[in-house]
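Pasting the structures in now, so scroll down.
Two complexes are shown next, each including chain A; its partner changes from chain B in the first to chain C in the second.
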Partner chain A sequence: MTHTAVVVGGNRTPFAKAGTKFADASAQDLLTAAIDGLVARFGLAGAKVDEVVAGAVLKHTRDFNLTREAVLGSALSPNSPACDLQQACATGLEAVIYTSNKIRLGQAKVAIAGGTDSASDAPVVVTEGLRRAMLKANRARSLPERLKAFAAVRPADLMPVPPAVVEPRTGLSMGESQALTTKRWEISREDQDQLSYDSHQNLARAWDEGFFDDLVTGYRGVARDTVLRPDTTLEKLASLKTVFGREGATMTAGNSTALTDGAAVVLVAEESVARERNWPVLAKVVDAQVAATDYVTGNEDLLLAPARAIPELLERNQLTLDDFELFEFHEAFASTVLATLKALEQNGTGTVDRSKLNVDGSSLAAGHPFAATGGRIVASLAKRLGQRGPGKKGLISICAAGGQGAVMILEAM
Partner chain B sequence: MNILESMYNSPVGKTLARKAGLTDPPKLRRGRVMPTGPVLLGELPGSDGVARVTLGLLGITPGEPIVDVAENRTKDDKGRDVPRPYAAKPGAIVVDATGLRKLTDLEGIRQVLRPVMRGLEGSGRVIILAKDASAVEGLEARAVAQAIDGINRTVGKELRGGATSNLVFLREGVSAEDLASTLSFLLEGRSAFVSGQTWRVGKAKVAHELSDKPFEGRIVVVTGAARGIGAAIARTFARDGAKVVAVDVPQSGDSLAKVANEVGGSALQLDITVADAGERIAAHVAHTHGNDARIWALVNNAGITRDKMLANLDEAKWAQVIEVNLAAEMRINDYLLSHDVPGGFGEEARIVGIASTSGWAGNKGQANYAASKAGVMGYTWELSRQLADRPITANAVAPGFIETALTTAIPFVQREIFRRSNSLNQGGDPVDVAETLAYLCGPASGGVDGQVIRVCGQNLVGA
Partner chain C sequence: MGRDVKVLQTLPDARQLMLKGFRTAMKRPDVSAGLPDRSVMVMDHRQDFARAAEYARACGFTVRDDVPATWLHVQTFPLQMWLMGQPDFPFSLAGLVHVSNDMTLHRPVRADERLRLTVVAENVQPHKRGVTFDLQGTVHVGEELVWEGTSNYLSTKAKLPGQAPEAERLEMPSGEQSQLWRLPADLGRQYAKVSGDWNPIHLHPLTARIFGFPRPIIHGMWTHARALAAFGGSLPERYRVQVQFTKPILLPGKVGFVVDGEKFAVVDKEGKPKLVGRLAG
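Coming up: the complex of A and B.
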């Protein structure tokens, strides 16, 4: 017996610029809110789902069981098991892959997949010197021994280590890494600003037409994504100072994603169960692929792994880029999307029709709470494909830290 | 809380307030709770015994009232002739005045009510049943019907300790089964804040037995359910077994989700003023409860205020209020009444709306709101008439001063005046509005149609 995993709906919090409206909410609070909104939308209070899978990129040690804790704080039945997984910015998409695979294997019928991140509530850690001293003191058996453990601590060790999104192997931040890619692929400032402008325009239009009425649940008085600037113009974007890269820098705060807080989840079900329950069968999960690049040596780019994953996925499914109605390429930076498009052309995969790309805006306008992005994209794309009609396909591409990328095909039923 | 309010609520302030006659208001009996004392039945001449049979359906064997005639009187400590006191405080008295046709018959009501006026237990009940003017012949009989209304309103004002008085007019052909839900509502704490009111009960097109879980297996849609009165409505219907579909604007999404999850219902984020709101409600019901599911009751509770004196009121504030409070409700009802779709109205749907004391009496600074709320009443009456050949009912409630987050924003002195300007000396609770709506939507309330019930503690305004 074959099982088909279908997306029946989704829910997310609005995404808010870090340090603002959701500054006091933890990743767990946000995930709980996203789950509760989904539960309410589908009338699942007290119901057991077969599994809830989610993760966060910025994780406190207390969050070792983040998703299960969110489930226990939600309106779901406490008998709903949960699993944390993490693949940097691909976390949310990987959670959908995980659940849909379980559904296809018959191990689950109804599952929730997603992710959450609070850049406001990022863990601040102590220095390595202080941490070692504290561990040693903990092992000590007497007061003098305990005091001695701290003798090695230097004043500099007492400074907290602020969070930073830095690649451990290159020491470069995401932005600095992407600046190398931007330069290598000769992505112009104008193209980046245009992509960002389109993202804001498209997202604003989608909000205005009520597209998100059944995809987003307001949270803490915020009803819309707060990064969104419906009134931004190409002139305004062009006037921004560059922030990443040195000579000939082109990347600005306007064409790079802002640090954001938010959470997103998707309701995935086995097709027959979804039909039995009369849930809207928006789209099925056709297939997915992950890939990684050799970015450490500098031979490849940190955020272009999707350009490796997409040809593999298309080949396995005997599809070309022309077979897709819509494309959802996560906008880590405008230049990431543009470089990915170039790379796909260069490696012979084909050309993405720009009019089909991110038609309801993407991360530049919505914001990018790392692990939440996958859930946002899957739910929105599934709904849009469902509106376009049966058989319409969509391609999702998400780049992730560590030179990784995850891609997925959805098809309207 | 301002200084005045803090002083008023301090022990010294309370003492002074009591000296000035501002006593603490009585705590009302609420919920599905019967009076503790006996229920009396004053069956006046000419009755066919409908009240007795109805009480029987409710499992009540009524006691006999003391009748205030000369031989029943005793002397009080000042030597005045007074009715003999009850040995135990009665919880309620039902006066069956359905047989009264002559002005001289009215004396019968006086005789059974005088002894209970100061003898009822706290939150006691006076319930008068009379024939509707439309169901009696002749000038005098019709005058009598209206005279009873005057008695009821006065009794409501004279009763103390949270006791209420209400009058039910019986239309032609009404049976005890039709009357049971009304009598049960009036006796129980559910009608806590309904007093001095009069409404009509007729023959139900489809009979249903009374139940403590009347909405079990039934779907009830509540608009404006994210907070305040709407949230109380969702909770009350859920308590009575309903699968609640909680509707509110996306901006209230998180509180809406909380309410929906709390009551085990579902949430629909919807601006009810969009053109296809009715379709979207039906689609949500079908997606959540299946293609065969139908709406049992629609509670059109969503409403807004944009208060301004008419001298300062612009067209935007005017239109917004009319649109949300009335036009949207009419469009949604109209769609659901005219489309037999999955998730649409069931055959016996109950439609209820929210009017307001402001609609009844007008209110300074609320020309737009009063228009919309008086409009709800006119619409309800006409809708009920137009649906005369279908077992669907249309009713409304008109809340008075109900304590919500909105009313706590009213300055203290003004708020205290609002609270005390009714017969129960206090503001109502959102649940009081909810209980009345649930009564109107009950399966056993099919005979209650085209009625607007004020939930105002017999507010002086417009009474």
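Coming up: the complex of A and C.
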């Protein structure tokens, strides 16, 4: 017997700029809020779901069981098991892949997938020197031994280490890495600003037409994404100072995503179960693919792994880029999307019709709470495809730290 | 003569009122004259969003838009202090014992809702160790009653003639301790910051010793809130929760939590109760 995994809906918190409205909430609080909103929308209070899968990129050690803890704080039945999963910014999409695969194998019928991140409540860790001394002191059996353990601590070791999004192997921040890509692929400032402008315009329009009314539940007095600037103009974007790259720099705070807090979850179910329960069957998860690039010594680009994943996925499903109604390419930076499009052309995959790209805005306007982005995109795209009619396909592309990327095909039922 | 209704523009500073109450040995009228017939209210109270989140964190709740019932009690607490700080109130603040609490959340209340808070003192009764009285609080949103709660206090310095009425004893749950809570030494100061209850018995060994405790004791209302938080996501949308504070919990310390249907308790390592409660959805 074959099982089909379908997306029946989603829920997310609004996304808020880090250090502002959600600064008091932890990643777990945010995830619990997103789950409870979904529970309310689908009447799941007290109900057991077969699995809840989510993750966070910025994780405290106390969050070793983040998703399960959020489930226990939610209105779901405490008999709902949960699993933490992490693949940097592809976490949310990987969670959907994981749950839909289980559903297709018959191991689950109803599952929740998503992610959460709080850049406001990021872990601050102690230095390596102090950490080692503390572990040693903990193992020590006597006071002198314990004191000896701390004797090795230097004054500089006492400074806390602030969080940073830096690639461990290159020492470059994501923005600095992307600046190399931007230069290599000759992405102009104007194109980046235009993409960013379109993102804000599209997201604002989608909010105004009520598209997110059944996809977002307000949290802590916030009803809409706070990064969104509906009134921004190309002139304003053009006036911003560059923040990444050296000579000829083109990347600004306007065409790069802001640090954001938020959580998003998706309700995935086996098709027959969804129909029995009269849930809307928005789209089925057709297939997915992950890929990675050789970025460490600069042979390839950090954030262009989707350009490797997409041709593999299309070939397996015997599809071309012309077969898609809509494209959702996560906007880590405007130039990431533009470089991915160029790379797809260069490697012979084809051309993405720009009028079908990110039609309801993406991360530049909505913000990007790392692990929450996949859930936001899957729920929005599934809903939009459902409106376009049966058989319409959408392609999701998400790049991630470590030179990785995850892509997925959804198809309206 | 009708009831004296005192309307305050904003919530008074509970810390100031408390310090004043402890510093000045006010001459209090005799309790035999009864309680002054007075209620105090704040018409349009805006909850402190950030403080509500810190409160949730300190007591073990998830930070949500809906606030815990005990948070609404905390909102009325400055009015309790104000009422007890009036010169014609027969009991002095120092030495009052919080005996029990009974509150009902009639519907979920959001942290961004404006509240009308009212507190009135009533129900003076003789007690075998002194005199008890109730502080009765209500919270309205518009005209809708959303929360009500009764705090029962005991003054061991006062006396009233007559037989002490039989107090209803909440039943102990049976079963094993399912949770172990580790209470750090500074928990009283943490809770004072989020609740505004700066009673010196909770703050520091030195200030606690003045009042006869070897170490600071945690606020009963923290223990109450922590017990509600222990129910996690299974806490109903609307509920009545009753607690009786049986023994103080010294800081730092470890206590256990036992729950059995509607009945729950916070216990020491011998299983003796520190707080006994009942939660009904």
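Criterion: the second predicted complex is superposed on the first by the 413 of 413 C-alpha atoms of A that agree within 3 Å, B and C clash if a C-alpha of one lies under 4 Å from a C-alpha of the other, contacts with A are read in each partner's own complex, and residues count from 1 in each chain.
In this text, contacts are C-beta pairs under 8 Å (C-beta built on N, C-alpha and C of every residue); 3 or more make two chains touch, one makes a residue touch a chain.
What you are looking at is a predicted structure, and each value in this text was computed from that prediction instead of being measured.
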After the chain A overlay, clash or fit between chain B and chain C?
clash
Chain A residues touched by each partner, larger count belonging to chain B or chain C:
B
First, second, both or neither for A:Arg220, with chain B first and chain C second
both
Which partner does A:Phe324 reach: the first (chain B), the second (chain C), both, or neither?
neither
With the two complexes superposed on chain A, say which partner A:Trp185 touches: chain B (first), chain C (second), both, or neither.
neither
Report for A:Ser26: first if it touches chain B alone, second if chain C alone, otherwise both or neither.
second
First (chain B), second (chain C), both or neither: which does A:Gly210 touch?
first
Quick check for you: in the superposed arrangement, does A:Gly43 touch first (chain B), second (chain C), both or neither?
first
Report for A:Ala75: first if it touches chain B alone, second if chain C alone, otherwise both or neither.
both
Would you check which partner chain A:Asn278 touches, where first means chain B only, second means chain C only, and both and neither mean what they say?
first
Of the stretches 59-67, 95-103, 329-337 or 401-409, which one of chain B hits chain C?
401-409
Based on the A-chain superposition described above, do chain B and chain C contact any of the same residues on chain A, and if so which?
33, 36, 75, 218-220
In the complex, chain A residues that touch chain C
24-26, 28-29, 32-33, 36, 71-76, 78, 218-221
Which chain A residues qualify as touching chain B in the complex?
33, 36-37, 39-43, 45-46, 75, 210, 212-214, 216-220, 223, 277-280
Listed in rising order, the residues of chain B that touch chain A in the complex are 243, 246, 250-254, 256-258, 260-271, 274, 286-291
Quick one: in the complex, what on chain C touches chain A?
49-50, 53-54, 57, 62-65, 111-112, 232-234
